[in-house]
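Below are structures written as structure tokens.
Two complexes are shown next, each including chain A; its partner changes from chain B in the first to chain C in the second.
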Partner chain A sequence: MGSYVFNRLLQFVPTLFVVSVVVFLMVRAIPGDASYALLGPTAKPEQIAALRAEMGLDKPIWRQYLVWIEGVLRGDLGRSWINDFPVADLILQKLPATIVLAVGSMVIAMLIAIPMGILPALRPGSWIERVAALYNGLMLAIPTFWLGVLLVLVISLRLGWLLPSGYVPFREDPVQSIKLLILPSFTLGAYLSAIFARFLHNAITETLSQDYVRTAAAKGLAERLVVRRHVLRNALIPVVTMLGIQFGGLLGGAVIVEAIFDWPGLGRLLVTSISSRDYAVVQGTILLAASAFLFVNLLTDLTYGLLDPRIRTAE
Partner chain B sequence: MDRALTHRLNRRSLMARAGTVTTAAALAASIPTLTAQDVVRAALRQDGGKVTIGQVGDIQNLIPYALLFLNYPFIENVYDQLFRLDHEVKLNPALAESYEISDDGLLITLKIRQGVTYHSGNPMTTEDVVANLEWARSADAAENLLLNNMVAVSEIRAVDESTVEIEFNEPAAYFESAMGLQPVVEPAFLEKMKSEASGTGAFMVQEWVPGDHLTMVKNPNYWNEGRPLVDEAEVRIFADEGALVSALEGGVIDIALSFPPREYERLQGSFGFLQGQPGANFYYLGLSAKVPPFDNKLVRQAMAHAIDRETMVANVLFGVGAPIMTPFPDYSPAYFPEHNELYPYDLEKAKALLEEAGQGEGFSFSIPAPSGFPEFGKFAEILQADLATIGVEVSIEPMDSAQWYPILIDGTYEATFSFAGGTQLYPTRISLSGNFPGKGNVAWPDGNAPEAYAEGLAEADATFNPDEQRAALKKMADSFMDEAWNLPISFRTTLFAFSNAITGLDGGVYDQLRLDQVTKGA
Partner chain C sequence: MTGQIPHTSPLADRIAMSPPSNIERGRGGVERVWLGRARRNWPTTLALLFLLAIGAIAAFPDVFGVPDPLATVPRDAFLGPSRLYLFGSDDLGRDLFSRTVYGARVSLGTAFVVVVAAASIGVPIGLIAGYREGLVDALVMRVIDVVLAFPAILLAMGMIAVIGAGWINGALAVTIVSIPAFARLTRASVLQEKTREYVMAAQTVGAGTPRILVRTILPNCLGPLLVQAAFVATWAILLEAALSFLGLGVKPPTPSWGQMLSAGKTFLYRAWWYGFFPGLALTLVVLSLNTLGETIQRIVQRGWRGL
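This part shows the complex of A and B:
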């Protein structure tokens, strides 16, 4: 197991190198740079030139990359051109809110997906399956931004049950923190729940048709024991895969939901820094998101071993 | 819309305070120097507490010299200026109590207020004022938007504990109103003011989380005793106008800056609204006189007749703003009423001018539509439809704002909508934007704007005599209108929206947020 993890971590290096080069070149391929964004449309050309020189943007692109990557290898992601904050500090400021939203969305998604996936599979052709199919279809079809705006209009502004936006760290005010988390988590989680529910439904249906499941039922085991001991663990593997992919993606930020609910996550930081061509922030944030995605997928792979001893033995 | 502060009480809050109102009204009757409205407001006012402000777009940095629109929420609250400009663009005492201009216009003497301390507790001195003025003269400071006000300054010196003298190579009439923009930063913070603040203002920066919020707390040692009236002010950053509006409606914020005009009609009965300073910004259509056919004055004048300003203000700006022919507000010494008659919306007249210019068969050109300024795209659609009727084809090019900035600043456009400002100050400050100066003008070949325009600017800058100024400004304004390379459309009016609990809100001359008189009731 240890060598497996070590080898997987080693694979991160070439992947992150490629990511660093791609993001470095892509952000510079977009017309305009931070000097224009910082000084605004009323600036004069000589002011722009002075600021570009200050930022090092007049140097060859390969030199700019070397300066940046050398800093990254020393643990220095650089500083924002816009506000002069260290990029690492900016990311760390946003990370808690991003993790909270990702976890909250996953919790809501699983709370909905588990019954919506298991029950219809166990009761094919029933009204349960029809309701689940309707729910899944709706949640997959409804755009996330539309659902978010609808929730704000109805729940917050019309009914006044919850505030429409904002974030409070849990340690400052646990109750308010959870109340503010509900709407954005549900907005993201609803869509995810439909994906997970369909995966789970299909996996359980396929597993139920396996010989060992029929054997267990024929031996007289109660349905819930058959499902818990023999069906779920095997059916969860594809769901865990999807869970890992989605969670890794959420750690990169959820731009639209963060905008609707004024949630101070990495998604907003990324969009703002792209708009203002704040190169160091864009590069640092995407490197972090890529690293988080790789790490979550490693954890996902390790989880397979817990679910299926055959995978553990093969490793 | 009346730009004056409108304070709206809802029925519930009014009934809850009926007793206080009755007492206040009776008191008002016995004190002849106060109006009943003043007393009612004072009675309803609740000092202390926290006011929350929302804006779309992040505060860029904490530099008071970088007069960026997104920085306005903190500039005049954390930093005082030498003088405070009122809405008549008159200088009022602030960190300087008075000033004198010598007869030859080459020396300005400032009397500096005594007993002022920074947020750090250190006293402000005349040497500090000199250090800040010298910083504004610094050619290396790329984010110093006051640099152009210092070009004529030859020497700055602290004469004694209360006197600063500023010497000039030549008279600089624009410098007078510029003193209303000059902040005083504690000198030890000048090199790090991008992310750290120490001024003398009514509020101190307590915490700044870029992209999320800026928290300011009351300065307990503020020189203007009795101010501010609230204990704390927080500026929250939103990524989206819809989220900003929802936050105001949901009570998450008390004040919304740059409130979207399209929501004004729906919410005008529930919230108070304040319009910004006319002239602080204005929209215009810029034409490049470097490229055909806009190198022909007749074609540019034809474009001026083709702009349906009324429709643009009504449909794009939802009535928030005012159609303008001249960029100067009516209180400006560069405002001449006859300019309003020069280019009425008249497509037939536009067509006739095009034929006279040899463009009767029509032509085509492109206009950028930057994503950060959606109103430009909508202006372009209206113009496109109108010009199509007289044989001119306009293609609209959507693009990212950061992609548009170089096109505008470097002057590589054929035509572009944009906005400029500064006409509320001394009128020659209009020349600080790239396609407005007399020399180095990106809209003209070799950077040279029309001679009469450039001469008018220079002559107006070089005299403090009001009659001479007026004559020079007329020369400048007449040429600007005649040459028609930048066509004003409307004032770009900042709209502040606020809850009924808020009183005392003021947007400064630059539409900065001023919170020192704000209170928040229950």
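This part shows the complex of A and C:
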């Protein structure tokens, strides 16, 4: 196990390094350079030179990278080009909304996927199986943005059950906060719920055919107990790692869902900063998202190795 | 058709994939077999017909009498679906049916360009990396790992932040994030294929590397690649729509589904049809491509008889 963890970490660190280089170079790749983009076409050469010196743009590129990465490691992501706020502060301000949305969508996905995955697997050929298949097929096919728009149309505008958009921090008004969270979370979680349900369904069907389940049933254990003790425990393990595998999709989906519901998270921050050419913020946001993505992938692989000895010995 | 479907399998599979046997032949037999397959797989048939229909009308809108998607009739703003405006009209009184049709050009066009471009870059990369292994392979795979180290949409957005929004830039960004899908699959297939006897036979008779790669190995990897192409097309359409939805793709007034959905969301309280029909079109295209992809996968795995 030790060497598996070591090998996996050995891959993680260089990838993280290359990702940071790519994100760093991204901003250097814009036409002209940062000082030109900041000061605009009317700037005098001496102004540009002064700003270049201030930003360290006159140094060789590898020195610039070292200065930048050293700041990043201290939690300093630079300052916004538009309003001069520290990028790290801007991100921290938007991060909670995105985390709340991500957790909410995971919870909803699980709440739907567990019955939708377990019941049809235990009653193959029943109407439950057909309902689940229909639900999964629909949710896998409907693109996030259309689902969001439809939900707002029906649930908010026709039925008037929930507000179409908005965000309230949980601490300020828990009830309103959760009510506002339902539609965005479902929109983001719907696809995941179908993925999980299908996965769980397969895992349970497979577990049910295992010898130890047959033995448990043969020794006269009640069906409920067989399912709970022997089937679910073994079938749920891979679902946990599925969560990790779907994390990247969740990040991407969050960008869309935040746009639909005017959710003040990182996705909105990224889109507005791309539109306003605030490259420092774009850089910081993408670096954070990519690092989180890599980190979750690492965790997923490690848990996988932990749960399934075959994987770590194959290395 | 049968001969074009690649097979990596021994004789038994070849027999299974051969054209309908003598029993099924006879007068009109072949047609009957195909009709039977089409009926049994009605979702696939439906998907294929739908894609052909939408492709035809999007390619030749004038032939089908689709009105001008840019013509504004201010007094007709926000009209619901009717015989005059099949899908209703938008805030400027533009015909949403023709905008949806022209939006299909953007979506299907993106899918086509992305699949062709990503495959023509990804497949050779995968072929060479898989065949050569060693340093080349390690290098190529690390580059691909870096592309995969970003969630696709974020990488595409980052690229657009640098190169600017627009259809071509959007397609370029989507192509780059799609290359790994082809490169990795090709590499995996090559690694598997190159140890087989027929490749060794080609090497023994002195065939050069390009010939072995293109004429000997590639045809046997085509099946999975075809499946991949269908899925990459789906995801290219979704990514393009996402970028347009966020205002980072096709620029107005050119109609695109993502951008119509975004505008439709703004006017949702007074015109449900604005975002509804582009979204429906997007969903149906995605669903059709997925259905088609799954069927191709079945054919690749089990042959036409499996249908």
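We adopt the following convention: the second predicted complex is superposed on the first by the 228 of 315 C-alpha atoms of A that agree within 3 Å, B and C clash if a C-alpha of one lies under 4 Å from a C-alpha of the other, contacts with A are read in each partner's own complex, and residues count from 1 in each chain.
Note that in this section a contact is a pair of C-beta atoms (placed from the backbone, for glycine too) under 8 Å apart; a residue touches a chain by one contact, two chains touch by 3 or more.
Values in this document were obtained by computation on a predicted structure and should not be read as measured data.
In the superposition on chain A, contact is made by A:A259 with both chain B and chain C.
In the superposed pair of complexes, A:S105 makes contact with neither chain B nor chain C. In the superposed model, A:L51 lies in contact with chain B only, and not with chain C. In the superposition on chain A, contact of A:V149 is made with both chain B and chain C. Look at A:L270: by the touch rule set out above, it reaches chain C but stays clear of chain B.
By the touch criterion stated above, A:L157 is placed in contact with chain B and with chain C alike. Of the two partner chains, neither chain B nor chain C is touched by A:S185. Looking at the shared chain after the overlay, A:L251 reaches chain C, while chain B stays out of its contact range. By the touch criterion defined above, A:S80 lies against chain B but remains apart from chain C after alignment on the C-alpha atoms of chain A. Shared contact residues of chain A with chain B and chain C: 30, 149, 152-153, 157, 164, 259-260, 271, 275, 277. The residues of chain A lying in touch with chain B in their complex are 30-33, 35-45, 47-48, 50-51, 54, 80, 82-85, 90, 93-94, 149, 152-153, 156-157, 160, 163-167, 258-262, 264, 268-269, 271-272, 275-277. Taken in their complex, chain A has these residues touching chain C: 15, 18-19, 22-23, 26-27, 29-30, 140-146, 148-150, 152-153, 157, 164, 248-249, 251-252, 255-256, 259-260, 270-271, 274-275, 277, 279, 282, 286, 289-290, 293-294.
Those residues of chain B that touch chain A in the complex are listed here as 58-61, 68-69, 140, 142-143, 194-195, 209-212, 236-240, 242-243, 246-247, 249-252, 372, 399-406, 408-410, 418-421, 432-434, 437, 440, 442. Note for the complex: chain C touches chain A at residues 142, 145-146, 149-154, 157-158, 160-162, 238, 241-242, 245-248, 258, 261-262, 264-265, 268-269, 272, 275-276, 279-280, 282-283, 286-287, 290.
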